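The next block holds one structure in the form of structure tokens; read it before the comments.
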Amino acid sequence: MKVIVDVCIIPMGVGLSLSPYIAECERIFAAHGLKAQLHANGTNLEGEWDQVFGAIKVCHEKLHEMGAVRIGSTIKAFTRTDKSQSMEDKIDSVREKLQAAE
Amino acid sequence: MKVIVDVCIIPMGVGLSLSPYIAECERIFAAHGLKAQLHANGTNLEGEWDQVFGAIKVCHEKLHEMGAVRIGSTIKAFTRTDKSQSMEDKIDSVREKLQAAE
Amino acid sequence: MKVIVDVCIIPMGVGLSLSPYIAECERIFAAHGLKAQLHANGTNLEGEWDQVFGAIKVCHEKLHEMGAVRIGSTIKAFTRTDKSQSMEDKIDSVREKLQAAE
Amino acid sequence: MKVIVDVCIIPMGVGLSLSPYIAECERIFAAHGLKAQLHANGTNLEGEWDQVFGAIKVCHEKLHEMGAVRIGSTIKAFTRTDKSQSMEDKIDSVREKLQAAE
């Protein structure tokens, strides 16, 4: 089952600079062959359900190895059966509506 | 890896009454042997990562079978390495602080 | 406009024990006269939109005062126009479906 | 208090195509003078707390006017006291770490 997710991972107990940990997650997503789009409050991912949630699990395991004692992630997960839609399709469909109204 | 999650599943394209679909998810969590606590905005679950996210996947598949064309879930996932903590422990630790200050 | 929310507030840079900070938020919700239900992964609140999001703002301000340099909150917010529904109504409607099927 | 948020608004009871409703929210964010970055699973916003959550409230009110009987939003909200950081700064700090490791 294909899923499009947004994941925001917060490592706790490792100080205030989170970017080294987020960068490590980006590497893990790439290593899992996932389409990933970094944005200001998380990363959007597209792939098969087990592949995506397996990669997020590896992120938790790796960040724990890096010293994060507690981790809290917020994940939004979207599935649909009527058509195959990519992350770009979702953005384009909104932009079309914006341009049509101009 | 043990995880404690909060999951809120929104089926779209099935009208306004979501409780039949949420009830179906509660049955799926029970069938997966997961500790589940229903609350007003979702369900808290406790178990092994693959078991928990496998159950949420089954919820998406089942709700699609029931006619939900699109599904959007919001999931909060917490892991820690310093101690084994249950859902009840998390609530008790806050309540202890509240009572201590009374 | 009435809203029912679930809020999970993560203070960063204050070590691993978050319960003193969550307890402080519970006091703020009570001081704002909000119906609040603590659960294992957050707190459900019920009230007028400005009152609820004003209280969450005060939580961020207070936790910053207590030493949290960064704070990340995950909020789920639900509004509806067809009927007035309480947090208890939402839970009861799911439980009714579960009992009906037994 | 400045806040950076990610907001994902799901109107229910209005069929499967959500892009007209998301486009309407983009117009509301612009009308509120907010920096907004649309992405595949939501919109990132940057501004003063009351301005940002006031705009999200207007989105709920407008989408209800457009026929959405129920609305569920997932909001991630980040505040910090150590420095003023923009949405671009957050992305750049991760990209710097990625490039440094190449």
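Read from first to last, the chains carry the letters A, B, C and D; within each, the first residue is number 1.
The criterion applied here is as follows: a residue touches a chain if its C-beta (ideal position, glycine included) is under 8 Å from a C-beta of that chain, and two chains touch if they have at least 3 such contacts.
What you see is a predicted model, and the numbers here were worked out from it, not measured in a lab.
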item	value
Which of B-D and A-B has more C-beta pairs touching across its chains	A-B
Centre-of-Cα separation between chain C and chain B, whole angstrom	16
For chain B paired with chain D, centre-to-centre distance based on mean C-alpha positions, whole Å	25
Chain centre separation in whole Å, for chain B relative to chain A (CA means)	19
Residues within chain C bordering two or more other chains	8, 16, 69-70, 72, 74, 76, 78, 80, 82
Topology of the chain contact graph, where touching chains are joined (line, ring, star, complete, other)	complete
Chain B-touching residues of chain A, taken from the complex the two chains share	1, 3, 49-50, 53, 56-57, 60-61, 64, 69-82
Interfacial residue positions of chain C with respect to chain A in the complex	8, 10, 12-13, 15-16, 18, 69-70, 72, 74
Interface residues, chain D side, partner chain A - complex	4-6, 8, 16-17, 19-20, 22-23, 26-27, 37-42, 44, 46, 74, 76, 78, 80, 82, 87-88, 90-91, 93-98, 101
